[in-house]
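When the chains are written out, they are named A, B, C and D in that same order, and each has its own residue count from 1.
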Amino acid sequence: MKVAVIGAGYWGPNLIRNFLSQDEVENVIACDRDENRLAKMRKTFHGIETSTEYEDVIKRADVEIVAIATPVSLHYEIAKKSLSAGKHCWIEKPMTVSVVEAEELIELAERNNLKIFVDHTFIYTGAVRKMKEIITSGRLGELYYFDSVRVNLGLFQHDVNVIWDLAPHDLSIMDYLLESKPLAVSATGSCHVGNGLEDIAYLTVQFENNLIAHFHVNWLAPVKIRKTLIGGTKSMIVYDDTEASEKLKIYDKGIEVTTREGVYDTLVQYRTGDMLSPKLEQTEALNLAAQHFIDCVKNDKKPLTDGTSGLNVVRILEASEVSIKNQGKLITL
Amino acid sequence: MKVAVIGAGYWGPNLIRNFLSQDEVENVIACDRDENRLAKMRKTFHGIETSTEYEDVIKRADVEIVAIATPVSLHYEIAKKSLSAGKHCWIEKPMTVSVVEAEELIELAERNNLKIFVDHTFIYTGAVRKMKEIITSGRLGELYYFDSVRVNLGLFQHDVNVIWDLAPHDLSIMDYLLESKPLAVSATGSCHVGNGLEDIAYLTVQFENNLIAHFHVNWLAPVKIRKTLIGGTKSMIVYDDTEASEKLKIYDKGIEVTTREGVYDTLVQYRTGDMLSPKLEQTEALNLAAQHFIDCVKNDKKPLTDGTSGLNVVRILEASEVSIKNQGKLITL
Amino acid sequence: MKVAVIGAGYWGPNLIRNFLSQDEVENVIACDRDENRLAKMRKTFHGIETSTEYEDVIKRADVEIVAIATPVSLHYEIAKKSLSAGKHCWIEKPMTVSVVEAEELIELAERNNLKIFVDHTFIYTGAVRKMKEIITSGRLGELYYFDSVRVNLGLFQHDVNVIWDLAPHDLSIMDYLLESKPLAVSATGSCHVGNGLEDIAYLTVQFENNLIAHFHVNWLAPVKIRKTLIGGTKSMIVYDDTEASEKLKIYDKGIEVTTREGVYDTLVQYRTGDMLSPKLEQTEALNLAAQHFIDCVKNDKKPLTDGTSGLNVVRILEASEVSIKNQGKLITL
Amino acid sequence: MKVAVIGAGYWGPNLIRNFLSQDEVENVIACDRDENRLAKMRKTFHGIETSTEYEDVIKRADVEIVAIATPVSLHYEIAKKSLSAGKHCWIEKPMTVSVVEAEELIELAERNNLKIFVDHTFIYTGAVRKMKEIITSGRLGELYYFDSVRVNLGLFQHDVNVIWDLAPHDLSIMDYLLESKPLAVSATGSCHVGNGLEDIAYLTVQFENNLIAHFHVNWLAPVKIRKTLIGGTKSMIVYDDTEASEKLKIYDKGIEVTTREGVYDTLVQYRTGDMLSPKLEQTEALNLAAQHFIDCVKNDKKPLTDGTSGLNVVRILEASEVSIKNQGKLITL
């Protein structure tokens, strides 16, 4: 199997490295308009092929997978051409710049019996997989909220705002962990640089049963915070990705509600117990992701983070942008 | 000078203790409907007077200050009677349950030439006073944002939601630190207990010049977080009230925007430097607050946290509640 | 039952408060040479008796317990007189300035059928009791080491060095947690102020079976560290007393030693697993201690921290001082 | 310039990578007895030469520097042959297994007019260089103590104990930062595995003027601690190498000693002020080290970490081992 990686900028080299390390991958073809980048790739990854013309490469018979690591505005066009040429597609996050584009790609892939994989890398980390296991086991009880903060002094993107840059990570984790379907989005934000792109933003996502999710993304924070709180009736999780060890802590804490029969008052008390920080798998997430996609392609399985996952995230991103332009108005999904 | 403290529940004893420790205070009269609480007060604070009838006490000629530490729904009525009886008023936060009530009290106090002090205790801490000093000195540059998180596994109030319970702390800090006037509020939240009161909420406050403030308050968090980030063009502050020492950190960090003449592109880079954690004054905030109010009463000065400060906070609380009932709709202040 | 508390300086008031709160205690008599201190005690604890003449008080028939909170150099004399007068004795840590004194007091108490309680307060904290429970359960396996650090910018004692001031806390915890008997001590230290008292010191305590304990005590540290590591074959404990919550963490970590039969080499690997931070009891340790001692007195039980515990600690302190004067020479206990 | 790297196990590849990245280095020749390792090196570092016979390589005319990354027991022999062959030597830490060996190598290098560089990598980190700058500036005042803890669940060496494995890092930092000459060493430790090598140890190093240094090294700790405290009369440093940012904190704290004239007593008070965490250089230490050594070789300069630095560390290691075998006896250096 050969893999074409389109885009050899910031993230592309990570894809090349991880695809090369897969037993099933015979070789990688790196594509970029910039010949300097390709020269660098040839030096770093001895023996790989390179090309400045991705359109030629995606038509090659020996290429089975096309991995797209270009600016997000180009994802749709390249994925469409690749799917049309009969190739399975690995698309970086966010999948596309709009719901319409994502839906079209999903439909095209289905029609051609091809797989789309969206690179929501965090889903393949030990921490997120452990949280999925815990939530699925019922240990948290009924879920109350999902609260995420992802802030730092950021490298500025020139083409997208902080929501499209940072929120896909947390939205994809939410999409993976929560069974419920998000109903509506409200977002606020602000931009402080002349480019008109928000550099700080807050998203609220509403679900059924009073489940609420909230996201704080910020390129202007002096410290790096990557913290997610997940609260349930029985226990609660703190996931801190900046911790070297003990990234995940499960608190046997919660509230107890006693509604006395025939009585108006509700008695609410809190309950505290032990905290457990489970051992996490250490395998590199991107490597697991590449392995998983190859397995899906070879054995005709549905990827964990398929086009629908990608679409779910894009749908919220798109709605957030509408809401932010409308001063926090609630946008139904 | 004698001080009447109305309400001897959770917070009242702190007021009694701190007023008793002031040189100018001859004695304190503790008032509460509950005789058991009064008995406890007499035991703890030997020599104080007590009464179950506050209306009698506020009419006494020897009482100069009435301090109100009852549930918030009673603040207005008691303050109105006290001001009408010619007494200066110390009112716990939040000042009242509505803007209308707060405005009426302010007007009544002015007419009677009396002082209102709203107990925004945090304003009198070493950390907040140091932040004020730093911001006033221009060290942060132009302000970008004020972001605050105040969450824990909370004791549940039966009469107000989490916004009215926790947000006054942070809103009063914001009101004190920022020179600009808030323009509008958008809020979201959720309740998970049968009492219909939000136990988790998010507020966005909009200002001129793209300054944005945001508040996360939550009674259902397994860990205690009290963290405020304040970002400016030149440097940024992290204020972590759970830290025993080093509550305040000032980062010589920021972004640099270069707009090249005649060129479409804006170049944004970040800049990092030293971090300074200044020594903070350790005096108990409530003691300073009591001392400050007595000074204002005796020397006819305007309290730092007067009725207007209280009103500013109530205005945002009220607007938040409207917004939350309207799904995050932007409410102009 | 009446309790005489001798010494109303730094720690005495805590004893008075905690004895007063016991149901069995009718009243407390505070004794101090300094009448000003006694006046302060009468103001703080309304209704207590006071006296400048402790020798009269310990002879009173209505006094059952004498609690000694004077400088350590006076412990022996006052305890001896109290035991001779037929009173049970609560002695602050360290019990005495020498092994000889401690042994004499123990013998005197036994002869007179009286109880000695040494105030190793930490033994009554939730954290230390939980550690005892864990170690007793066998969860740690065989013990390897006990390592303790207790440093901060300290208030300087004028009569004892940093070892006698800070190490009794950790030595008493070690004495309580470890079943083995210490065999020998080696200590080093240094003094930097003209008074000739060490302000920084390191103690190593040797046990059988290669169990080793080490203590770092320091009055010149810019940060407060209170951290104990306890390592065993099966799991390991980190006890951090500066943590507000999560003071105790139990790591399912250790090493695995495989000695291949007939082969010279030993294969050592490490093993990592989950971490658990158990819920701890929050009751004030000193209150539990007072309650426990009264129970022992009334029901003729042996206190958990009796004269022998006090002696065990003094024996190591004394040996440490000899070792430090002899450049770290190993002193057999 | 060509560089021969002897030993392609754990650390060798880092040397190869960093030497290859130097402009002055034409190529690297990797030497190892194990052909599999060499094959791996050829794959990772395309274009490098490899050899199983280091003795041939060090005689090659085109080789100017020999870098030795073998087990420490082989350092002396290989370095001696390399120096005899006229090559400059880079030796991993610890330099040799004995003082005698280190002295002989230094003398041999001097005689042949060659450079020895000992790879005390930490000296080239931003944190240590900043500490040197601070101490040299006099900001700490007179030094009181140097206290270091380096513990974790360690990979076990089969040939050396925990002192020879971990302490060279901290001893080299101490040697670099402190101007004073160490006078004597006292050490204690324990071993818990059948190989007879200490896995936990404590070293005290004595200096003139009551300056004291202490080192805790431990392979059996459930958490990773890398913390150094340096105390002086004027301010104090905390260096925590596990911190991602803010590795260095300088506390404007200390003690003030007032000796009243004609009075026996000394009054000691402590003083607290601001804390500063300076920005640190981020360049990879090993890269700077390689660059520095090449500069020394080309321009005949004395390396910052030369043979004498290596010898200073070995001298303390050797004395520690003697002390530990003699139960903590003070060994004069």
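Observations
Just so we're on the same page, contacts are C-beta pairs under 8 Å (C-beta built on N, C-alpha and C of every residue); 3 or more make two chains touch, one makes a residue touch a chain.
What you see is a predicted model; the values in this text were computed from it and never measured.
Between the interfaces A-D and A-C, more contacting C-beta pairs are found at A-C.
For chain A, the chain whose average C-alpha position is most distant is C. Mean C-alpha positions place chain A and chain D at a centre distance of 42 Å. Computed centre separation for the pair chain C/chain D is 39 angstrom, with centres defined by C-alpha atoms. Averaged Cα coordinates give chain A a centre that lies 53 Å from the centre of chain C. Chain C has residues 223, 272 in contact with two or more other chains. Across the complex, chain A is touched by residues 246, 252, 272-279 of chain C. In the complex of the two chains, the chain D residues touching chain A come out as 46, 223-224, 242, 244-245. Interface residues of chain D, counted against chain C in their complex, comprise 144-145, 147, 149, 151, 153-156, 158, 184, 186, 188-195, 200, 202, 204, 206, 210-212, 214, 216, 218-223, 229, 231, 235-238, 249, 251, 253, 255, 257, 259, 265-266, 268-270, 272, 323, 327-330.
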